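Here subunit A shows up in two complexes: once beside subunit B, once beside subunit C.
After this line comes the complex of A and B, so read on.
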C-alpha cells in the first residue's frame, strides 16, 4: 500500500494516474455511447422500451427501412451539397483574406484576429442574426442584392425550397471563413521568405510564385484545413436550428439535423441512432485524414 | 509609391474588409435599438433615428434572461472545472513522453474530438435516462459537454506543456522535490497562461452550447440562454428588435472577453489546431 502511494506521488504511478482518470472518463462518456449507438441501431426502440436494456434485436431492419424512406436520398444529397459548398466558400474566401493579410502592414495581425469573433459567438446567436438578415420582405441582404441589381424581386431565403439550404450555407460560410483564414495565415507565415526572393530574382511573376511556391509549400496545411472543414461542417447543428429547422419540407435538412429530429421530434430513437452510426463512421474517416496531415506537419 | 502610402492604403482596404465581414454583428446591435416600425422600413435605416435604449431592460424582464444566463453560467463553469481538473494532467503526460502509447492516446483523443454532438446526443440521452441522470439535467449536460470538449482542451494544453522546458522540472527533482511537488510548484505555474486561455475558449463554447441542453433539459427553469433564444424565435416571429436585444445581451460579454484576450486566444487556438 505504501509503495503504491509513493509511486503515485513520486513515480510512474503519478503519470499513469494522471492519464488514466481522464481516459476512463472519456471511455465511459464517449466510448460507451458510441458502442451503445451501434447496438441501438440494430434494435427496436420505442417509448416503452426506452428504459430497459432488453430490447428485441431486429438485425439490419433499421438500415433497410432508413434507405427505403423517400426523404433519405434528398437529405444525403443536401448534406453533400452543404458540406462541399460550405468548405469551398470558407476555404476560398479564407485563403483570399489570409493572402491579403499576409502582406505586412501596421495593424494587420490585430484586424485579422478580429475576424474570429464569428467563431467564438454562440452558434444559435449567429443563426438568429442570419435568420433576420435573410428575411424575405425586410431582410437587409435582399435589400443589398436589389440595390446592386443582382435580383429584381425578393428571394424568400428561408421559405423557398430552392434557397433554404443556401440560406444555411451562406451563414455557415460566414461562420467558418475566419477560422480557415487564421489557420491558413499560420501556414503562410511558415514559408521561408528567401524562396520568394530567389524566385523574384529568377523573374517569376506573382502568379507563378503563388502556384510554384505558395501552393506546394502549403500542401499539408491545406489538407489539414479541408479535413477540419469537413469535420466542422458535419458538426454544424445550431445554424439549422436557428434558421430553417430543416424545412420547408426537408429541403434544407441534412443528416446531422435529421438524426436529432428523428430521435427528439419523432421519438424514433432507433432510426436516429442508425443515421448517427453512418455519419460517425464518415466523420471518423475524415479525422483520420486530418490526424495524418497534422502528423506530417510536425514530424515532416 | 512610398512605403507609408502603401501601408495606409492597405490598412484602408483591410478596414473595409473587416467592416463587411463584421456587418452582421453591427446589424444585430442596430436592429435591437430600432422601433417596431423603423425595423421594417424600406429602405432599411443603417443608423437608428430614435434609439430605444429601454429595450434591454424590457427584454431582460419579459424573457427572464437573468435565469437563463445564470443556467448558462452554471453549465459552462461546471463543464470547464471538470474538464480542467481531468484534462490538465492528461495533457501533461501526453506532452512529456514520446512513445507508441502516447501516440495511441493522442490518436484516440483526436478521434473523440470530432464526434458531432447532434449525433452523440441520441445514445447519451437514452443512456442517461436509464441511469436516472436526467433527473439532474444540468449535471447531465455538464457531463456531456465535458466529454465532448475535453479532447480539444487536452490538445490545446498539451501544446502549452510542450513549450515548458523539461530541464526546469528535472532540476526541481534533483533539488529533492517529489514528482507531485515538481508538477504543482514548477510545471503548472509555468503553463498557467496557456491553461487559462484554453479554459476560456472552452468556457465560451460551453456558454453557447445548444444541442445537449435542448435535448436533455425539459424544465424551463433550468434551461440555458441558447435554448431560451431558440424558444423566443418562433417560426413566424416579427419581434426582431427584441430578439436582437436578447442576442446582444447574451453575446456582448463573450465578445468583450474575446477582444480583451484576442492575441492570446488566437495564438492558443492556432497552436492547438495545427501542431
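After this line comes the complex of A and C, so read on.
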C-alpha cells in the first residue's frame, strides 16, 4: 500500500497518472464523440431518436445514398479546390511576408504583430465584412477593380457560380495568411545565421541560399503548417455562412458546410454524420503528416 | 393550563387557515414556455401580465434563438425535458405534430370560449392542422407583398397609384424603372438558397396553379421563368441569389431598387430609412382575375404531449389568445385572426400598408404542412438556383425538384 502510494507521489505511478489524465480527457472529449459520429453514420437517425442509442442500423445505406446524390461530386471537388487554393494562397503569401519581415527593418516586429489582427478576428465577423466587400453592386472590391480598369462590369462574386467559391477562398486566404506568416517567421528565426554567412562566403546568391538553406531547414515547419492549414481550412465554416451560404446552387458548397446543412437545416443527422466521417479520414491523413513533421521536436 | 389550552386552540385555528392557504399554493402549477420572443416582443410580456393575475398557474419563460428552436425542442423532447408550451415556426409544426410530440388540442379548442377556429385566417390554421386535428394555435402571422417607390414611378412616367397588377405589368414596370446608370434595379427580392427562397417563390408558383406537391406543373415553370427573365435582364441584382429579404429590401430603402417584395416586418425600418414616398400593393397575379396567393410566415403555439398539466397549459394559451388584439399595437405583429380589427397607428404609410397586408393575408398559404418540409424546401431552393444561374432550364430544374419531392412525399 505504502509502495503504491509512494510510487504515485514520486515514481512510475506518477508518470502513469500524468499520461492517463490527458488520455482520459482526450477519450471523453474527442474519442467518444468520434466513435459516436461513426456509429451514427451507419444508423437511421431522426430528431426524435436523437436522444437514444438504440437506433436501427442500416449498414452502408447512408453512404450509398450520399454518393448517389447529384450534388455530392461537385461538393467534394469544391472542397478539394477550396482546401488546395486556400493553403497555397495562405502559404505563399505568408511565406513571402515572413521573409520580408525577417529582413528586420525598423518596425518590422510591430508590423508583423499588426498582421495578426486578421487571425484574431472571429470568423463570422470576417465573413460579414467580406460579404460587404464582395457585394456585387456596391462592393469595395468591385469598385477598386473598376476604377483601376481591370474589369468593365461588376463581378458578382457571391452570386455568380463561376466566382462564388473563389470569393470564399479570397476571404479565407486573407484570414489565414497571418497565421502562416507567424509560424514561418518562427521557423526562419530558428535557422542559424552562420549557415548563411558561410554560404555567402562560398559565393551562393540569394536564390541559391533560399533553395539550399532556407527551404531544407524549414522542411518540418512547412510540413506542420500545411497539415495545420489543411485542418483549419477543412473546418472553415463561418466564412461560408457569412458570405455565400454555399450558394448559388451549391457552387460554393463544401463538405463541412454541407454536413451542417444536412444535420441542422434538413435534420438528416445520419447523412451529416456520414459526411463528417469522410472528412475525418482526410483530417487524419493531415494529422499523420503533422505528427511526422513535428516528431523531431519532441525528441529534441 | 388554561392559557395553554387557548394557545393550542389558536394554533389549530391558525393551522386550519394556513392549511387552506397552503393547499392553494400547493395547487400552484408551473408551466414552462419557450419561444424566441425578446423582451419587447409578445411572449415575455404576456407571461408577466398573466403571472400578475394569480390564477394559481405560474408561468416560467425561456427565450431560445431562432436557429435553435427546432434542435433545442427535439433534444428536450427526446430526453424528456420538454417545456409545456413552445412556439415553433409554422413550416416546422407538422414535423412535431405528425410524430405525436405535440398535444392534440382539437377537443379543448371545441370546448373553449376563447379560442375559436373560425376566427383565424385559413393559412395559419392549416399550418397547425395535421390529419384533420389541431395541434396548435397560430401565434402571429405575416406575409409578403409588393413595396414600390412612388417617386420613381412618377419619374419614369408610371402612375404611382397604379402599381403592377399582373406579371407582365410587373416585368414591364421593372424594365422601365431599371436604370443601371443611376444604380437602380427595377425589383428587389430574395432567391437565396434557404427557407427564404422557398418562402418567396412558392406564392408565384401557387398563383399559377403550382404548389410544392406539383412543383413542375406548367404554372410553376412559368413562375420560375418569370424570375429568370427578371434576373437575366438584370431587372434585379444578381446578388438576389445570395441575399436575404432583409438585405434586399435594404437596397429598396436606399433607393437602389424601385420595387421590393417583402413583408410587414420591414415597415418600421422603411418608415425610418426610406426618404421617398412609397406604397404597398398585392402581389401581381399571372393574369387579371387569376387566383391570388401569398406566403405565410411566423410562429405557432403548441403544447408538448409530454406535459403533466395539459389543462393549465391550455389556459395559458387561452390567455395569450385573449390578448391578440394587442399584437399589432404593442408588438408590431399581425395576429393570425380575421375577426380582430387592427386600430390605426396614426402613421399614414404604415396604416395604408397594413390594409394591403391584411388583404394579402387572406390568400396566404402555409408551406406544407409536411413533417419533412425542410427536405421539400431544399429541393425547391436547389431548383430555383439551378435555373436562375442558367445551369438548367426552369422545366429541367423543377422536374428534378419534383422527383426529389416525390421521394419525400412517398
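The rule is simple: the second predicted complex is superposed on the first by the 268 of 300 C-alpha atoms of A that agree within 3 Å, B and C clash if a C-alpha of one lies under 4 Å from a C-alpha of the other, contacts with A are read in each partner's own complex, and residues count from 1 in each chain.
The working rule: contacts are C-beta pairs under 8 Å (C-beta built on N, C-alpha and C of every residue); 3 or more make two chains touch, one makes a residue touch a chain.
Only a predicted model underlies this, so the values are computations on that prediction, with no experimental measurement involved.
J.: Overlaying the two complexes on subunit A, which is it for subunit B and subunit C: clash or fit?
T.: After superposition on subunit A, which the two structures share, subunit B runs into subunit C.
J.: Now for A:62: first (subunit B), second (subunit C), both, or neither, which partner does it touch?
T.: Touch status of A:62: no partner.
J.: Applying the touch criterion given at the start, work out whether A:50 contacts subunit B, subunit C, both or neither, answering first, second, both or neither.
T.: Both partners.
J.: Would you check which partner chain A:122 touches, where first means subunit B only, second means subunit C only, and both and neither mean what they say?
T.: first
J.: Does subunit B (first) or subunit C (second) touch A:172, or do both, or does neither?
T.: neither
J.: Check the residue A:264 against both partner chains and state whether it touches subunit B (first), subunit C (second), both, or neither.
T.: both
J.: Where does A:237 make contact in the superposed view: on subunit B (first), on subunit C (second), on both, or on neither?
T.: Once the two structures are laid over each other on A, A:237 reaches subunit B alone.
J.: For A:214, select first, second, both or neither according to whether it touches subunit B, subunit C, the two together, or no partner.
T.: neither
J.: Which partner, subunit B or subunit C, touches the larger number of subunit A residues?
T.: B
J.: Which partner does A:86 reach: the first (subunit B), the second (subunit C), both, or neither?
T.: neither
J.: Would you check which partner chain A:251 touches, where first means subunit B only, second means subunit C only, and both and neither mean what they say?
T.: second
J.: Is there a shared patch on subunit A that both subunit B and subunit C touch, and which residues make it up?
T.: Touching subunit B in the first complex and subunit C in the second, residues 50-52, 135, 137-138, 245, 264 of subunit A appear in both lists.
J.: Once bound in the complex, which stretches of subunit A touch subunit B?
T.: 8-11, 14-15, 17-19, 21-23, 25-26, 29-34, 36-37, 40, 45, 50-53, 97, 100-101, 103, 105-111, 113-118, 120-126, 128-133, 135, 137-138, 140, 143, 147, 174, 177-178, 182-183, 186-187, 221, 224, 228, 231, 234-235, 237-238, 241-242, 245, 256-257, 259-260, 263-264, 269, 272-273, 275-276, 279-280, 283-284, 286-287, 290-291, 294, 297-298
J.: Quick check on the complex: what are the subunit C residues that touch subunit A?
T.: 67, 70-71, 74-75, 77-79, 95, 99, 101, 183, 185, 192-194, 237-242, 251, 256, 374-375, 378, 382, 385-386, 388-389, 391, 400
J.: How about subunit A: which of its residues touch subunit C in the complex?
T.: On the subunit A side, the touching residues are 47-52, 70-71, 135-138, 156, 158-161, 164, 244-251, 264-268.
J.: Okay, in this complex, where on subunit B does subunit A touch?
T.: The contact residues of subunit B facing subunit A are 6-7, 10-11, 13-15, 17-18, 21-22, 24-25, 27-28, 31, 39-40, 42-44, 86-87, 89-90, 92-94, 96-97, 105, 107-127, 129-130, 143-144, 146-148, 150-151, 154, 178-180, 183, 201, 204, 207-211, 214-215, 225-226, 229-230, 233, 235, 240, 243-244, 247, 250-251, 254-255, 258-259, 262-263, 265-266, 269-270, 273-275.
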